[in-house]
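Shown below is the structure under consideration.
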Amino acid sequence: MEWTAPLLADPSLLFGAALLVMLAAILCAIVVSRKLLTSVALTGLFTLVAALWYIAMDAPDVAFTEAVVGGGVSTLILLGSILLTRESAEPVSPSRMVFPAIAVILAGVAILYAVGSIPGFGDPASPANASVGRDYLERTYKEVGIPNVVSAVLASYRGFDTLGETTVVFAAAVGVMLLLGFGERALGDPARRHEALNPDLVEEIDHHVVLRVATKIMIPLMFLFGLYVLFHGEVGAGGGFQAGVILAIALIVHALVFGLSETMRAFPAAAMRAGASAGVLIYAGVGVINMLNGGAFLDYDFLFPPPLEQALSGPDGHAGQHYGIIAIEIGVTATVASGITAIFYGFAGRAPDIASRGASRGPESGGGS
Amino acid sequence: MIGLEFLNIAPQRFAEQAPALVVVGPLIAACAAVLAPGRRWAWFLCVGASAFAFWMAVVLASEVARQGVISYAMGGFPAPLGIEFRVDALSAMFALLISGMAVLTAVFSGESLETEIMSSKHPLMQGGFLTCLAGLLGLVLTGDAFNAFVFLEISSIGVYAMIAMGGARDRRAYPAAFNYLIMGTIGATFYLIGVGFLYAATGTLNMADIAARIPTLTSDRSIEVGLAFILIGLALKAAVFPLHQWLPAAYSHAPSMIVVFLSATATKASVYLIIRYLSTVFAFDWQVETAFMAFVLAPLSVAGILICSMQAAVDPEIRRILAYSSVAQVGYMTLAIATATSAGVSAALFHLFNHGVMKAALFMAIGGAAIHLKSQRLSDFAGAAKSAPWTMTAFGIAALSLLGAPLTAGFLSKLRLIQSLVAADWGWAAAVIGLSSLIGVFYVGRIFEVVFFRSEPEGGSAVREAPVSILLPLWLLAIANIWFGIDATIPLGLAESAAGAVMGATTLSPAGAP
Amino acid sequence: MLEQAASIAAFVGQGLVLAGAIVTIIGSVGVLRFPDFYTRIHAASVTDTLGAGLIIVGLVLLGGGFFVTVKLLIIWGLILITGPTASHALANAAFTSHVKPLGRGDLRQPSASDEG
Amino acid sequence: MIDALATGYVYAIIVAMMMASLFVLLTTGNLIRKMIGLSLFQTTAGLFYIALSKVGGGTAPIIIDAESAVGQARAARLDPAYVEHFGVDGVVYGNPLPHVLILTAIVVGVATLSVGLAIAVRVREAYGDTELDAVRRADAAASEPEPPGPRGRPNA
Amino acid sequence: MLVAAALAIFVSMSLMLVRAFAGPTTYDRLLSVNSFGSKTVLLIGVMGFANGRPDFLDIAIVYALINFVTTIGILKFFRYRTLEVSLSTRRRAVADASGERPDA
């Protein structure tokens, strides 16, 4: 039987269309802007609007991730790196645009050619929507026993992908630590000690009392919210990754308002490094326990030895899946929170070194607008 | 099958878990290495984990030889739902090559890092190396198209940073690493888009499942374009001409440990995926694909072979000569694959294996001899054979093998390449290989002239004999080059059974079936 | 009786949401049309706070269960804390970096910033 | 026909955005801007996947009870036969699999972004600039017979 | 009515975008980005109710937080030229060494 998707009955499609147009407008602005800061702010907006679009497309988990990552972490890291480099890009000569333009147009035409044969947007009978995706919807409650199908697929059916994703964050943290260090320069910056000895460098008026008070209220709330997102991920949108980013952002706010060295005293870089690898260890460790109990890697039904699993679950519960998912989500949170904090330490802690080379800044910043 | 079956002493339950353990072992060790209190600990972990991975790879290979394709369901969920590790002879061969090289590189890394990277960062380097190893092993074992993307990224992200760490000696490493990152990520994203098209058309991500569903489709436009995107993405990662520009710069400025490992494995893993897609997923019997092989892949390979050989012949920096030669050698492999015959694929795999062995030896020798030498210029190696006879003899053996001199592994693999091309009626392609070998004589001759016949510069050469921990893996590789040139049963057996595995059946049976 | 109350609440709620949306549009027009930074920030922050309040009270009246209501109130609280703080910080930063407010008579001259 | 128009535009806009960000990435010589382009390129690939996962009249793939108020309100908008045919226990959901994939891809994207930016920062420290042209000029100058010194000239 | 409200918020976001493109000072851009963010929070809420699935307000909370954080981040960028210092003191040395106005 032929079905056409009830597109007009779905208000989210109207929102989706409007948001897509807005996305395209923002992207156009990014293409033409040369001031890096403007580009970064617009990129932040782009990801926020993309996240809105994800909500309209019924993908709240993706929206959540895109918002915390694209709007929060990426923007801050980009800001940190602009501070360490330069603020505007050189114009591109038109002659250099020819080859990329041809390549891009060719690739675009190829994709459009293929898109013509993809079943229509929103079609419930398309191969993508009708096969494995639908199986997950039908089986999750029976096999994993949690309502959020995305979390179930993420942590259980395709848990190995998620282990890989966690490893990627770990590898990125290792890479940034290799390249930029652990922010140790912020702790040992001689200029800073010099400043303490010369109080006339410090202005008397305290401009930011409002900000500090507000931040003091916000940070505990953010921690609490992060934990809520972590443990709520089985039922609603959210999960270990989003929780990790929120926790990291709480630390980053602290560093932004109270100073990096203050934060690094409370959460030293060595601890972040340990946390990043501990998270992957927890995750892989859960898998190894499953193997020891006779299951496949990451088969949480074997998280507990079979007799214990039966005792815990009862007739059709899924104690193993339940605790397994929580355990690996904690691992993900640990790696992501510490990894992103370590990355931020790297970028922010590099600053004094560059700032002290202020002389080479001058000619570059003149290139703006 | 490989002469190492005696290592297959694992209890049966352990052997069943080998597909997961081969990846998870290095992964856990990577985390532990980052936490290691000192560089010695990190090094031990690194060697231990690589050896463990190698052992597991041997177990896997002998299991595959015994019982055919092994399917391992991650998380206990059967294939289209869960992620499947699907090990056939091809994957087993690559797993052996990668983990074997990792062991040698790990041994080599101890002394080599000592001089190149400040010691507080050694644990991070070892951790990054092990992550990369886990990523490459996962890449060749997985049977899931998206999972392959994740492993592609795992194996690259740490590497970008580690290549940039060569910047302490030569600042050109930074832009080189950056270019590699851009190109690698574009490649990975192209791959991702291509997988998206396959998913849109078939509704599944499991490679065997995709292969089974493709014949049932009415329209294959999205499959065609998906394949194109996947191949372009992987060609970027595998440095197939003309998408190779990132490779020479990245290889010539990275820390030697990374170069040794990457030259033997990283582009090879992408070649693996190319073979996997062409043969298993698309089964070599599809019209667009054959046209692509004959009219795109083959001409590009030929151009790559000739142009990069010439570039190698004129470049003044020794590592870059070898890097350009690597691109040319990738061209040999893709050329043989483009014939789409069993003999061609087997010759390509045989050459790939041998090339890994010789390139690793060459870069290892340079890394070992030039520990105190900041420059990479060929002229600075004048008379190196006198100041570092052991290292440079091994280097010479591997260089002869690269050239294809008789009694070395390179000779046999070039012979088989030419045979397979002639058998496929591609005589002109065989002539191209001959021509490029002639150019090879020129650049290897240049290196020989400098290293062996020129006298040392005044004040003595900065080249020193490599320490024992480097000579050991180096000579193992050099001997392997000769051994495989005389008795090629091991690599040939691997390559033929691998080629048989992918070329024998036109399509894989969907997962679950034996 | 109860149902009647619920439908009245829903109606009022929708009205409040719409009113809030209109207030935000007015604020945005202000941001677009006002002549200098300080007047614009005024337009933005006042209407953001008011519009957010109206919309959130409206959504609460629409009803969506206990948790939804709690979350809406949390969001309101957050907006009440962060909105003014951010505005304050922005204005402060602009002022300390010598962005001048328009003075008497400046409006007579058409300034570049007037063109949206 | 209306449906074809109503659906075709989604992929067209997404592809156009994908190519625009690729264009930024390929043309600019500024390392930071390259990373911005790369990050946007990855995001638009994500948009493509999520567009595939949309099911008309569907809701987020978090299982709800069809008998609950929310479930009934959703079902009321749709043809009962449609719900019967495409729904799971009376509710039509979006496809969860692309969501999972893109979640992973977003994370990979931010990891790449941070490593790339870290390398860009090191380029700036070594060369004094983050424009590829300047870097090339500095390298060309350094490979001449008389190198201008190990650190090169800033802002050459 | 909710759909109309959502579209109204959408229109006001578009107006904010125009201000963000137009500037003219960087602070105007920041203001519009910030205000855009808070309108997004509202839009999520209204969209959730309009779709009949109002239980994704967590994302709105996250937006509110993110909006606050990035505003502080960008602010520090301008005033201090570093993300590293504490806001309880003003580092004149660093701020002045850059020798430039952000709105120049």
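Should a chain be cited, it is by its letter among A, B, C, D and E, assigned in written order, with residues numbered from 1 in that chain.
Operating definition for what follows: a residue touches a chain if its C-beta (ideal position, glycine included) is under 8 Å from a C-beta of that chain, and two chains touch if they have at least 3 such contacts.
On a predicted model such as this, the values are computed, not experimentally measured, just so you know.
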**Report entry** If a chain touches subunit B and subunit D alike, it appears here
**Finding:** A
**Report entry** Longest centre-to-centre distance from subunit E, chain (CA-based)
**Finding:** B
Report task. Take the average of all CA coordinates in subunit D, do the same for subunit E, and state the distance between these two points in whole angstrom. Result -> 21
Query raised in the report: At what distance in angstrom does the C-alpha mean of subunit C lie from that of subunit A?
Result: 28
Report task. Provide the C-alpha centroid distance between subunit C and subunit D, rounded to the nearest whole angstrom. Result -> 31
Report summary line: Note: subunit C sits from subunit B at a C-alpha centroid distance in Å of 58
Query raised in the report: For subunit E, which residues are shared contacts with two or more other chains?
Result: 6, 13, 30, 51, 55-56, 58, 61, 65, 67-68, 72
Query - Set of subunit A residues in contact with two or more other chains - result: 60, 80, 82, 111, 115, 118, 126, 128-129, 132-133, 136, 158, 161, 164-165, 168, 171-172, 175-176, 179, 207-208, 211, 218, 236-237, 347
Report summary line: Among subunit C residues, those touching two or more other chains are 78, 82, 85, 89, 96
**Report entry** Listing of all chain pairs that touch each other, if any do
**Finding:** A-B, A-C, A-D, A-E, B-D, C-E, D-E
Report task. Within their complex, state which residues of subunit C touch subunit A. Result -> 78, 81-82, 85, 88-89, 92, 96
**Report entry** Residues of subunit A that touch subunit C when the two form their complex
**Finding:** 207-208, 210-211, 214, 217-218, 221
Query - Of all residues in subunit D, those that touch subunit B in their complex - result: 18, 22, 25, 31, 34, 38, 41-42, 45, 48-49, 52, 97-98, 101, 104-105, 108, 111-112, 115-116, 118-120, 122-123, 126-127, 132, 135, 139, 151-152
Requested in this report: Please give the residue numbers of subunit D that touch subunit A in the complex, ascending.
Outcome: 3-4, 6-24, 26-33, 35-36, 39-40, 43, 46-47, 50-64, 77-79, 82, 85-86, 88, 92-104, 106-115, 117-122, 124-125, 128-131, 133, 154-155
Query raised in the report: subunit E touches which residues of subunit C in the complex?
Result: 14-15, 17-18, 20-22, 24-25, 27-29, 31-32, 37, 40-41, 44-45, 48, 51-52, 55-56, 59, 62, 64-65, 67-68, 71-72, 74-75, 78-79, 82-83, 85-87, 89-90, 93-94, 96-99, 112-113, 115-116
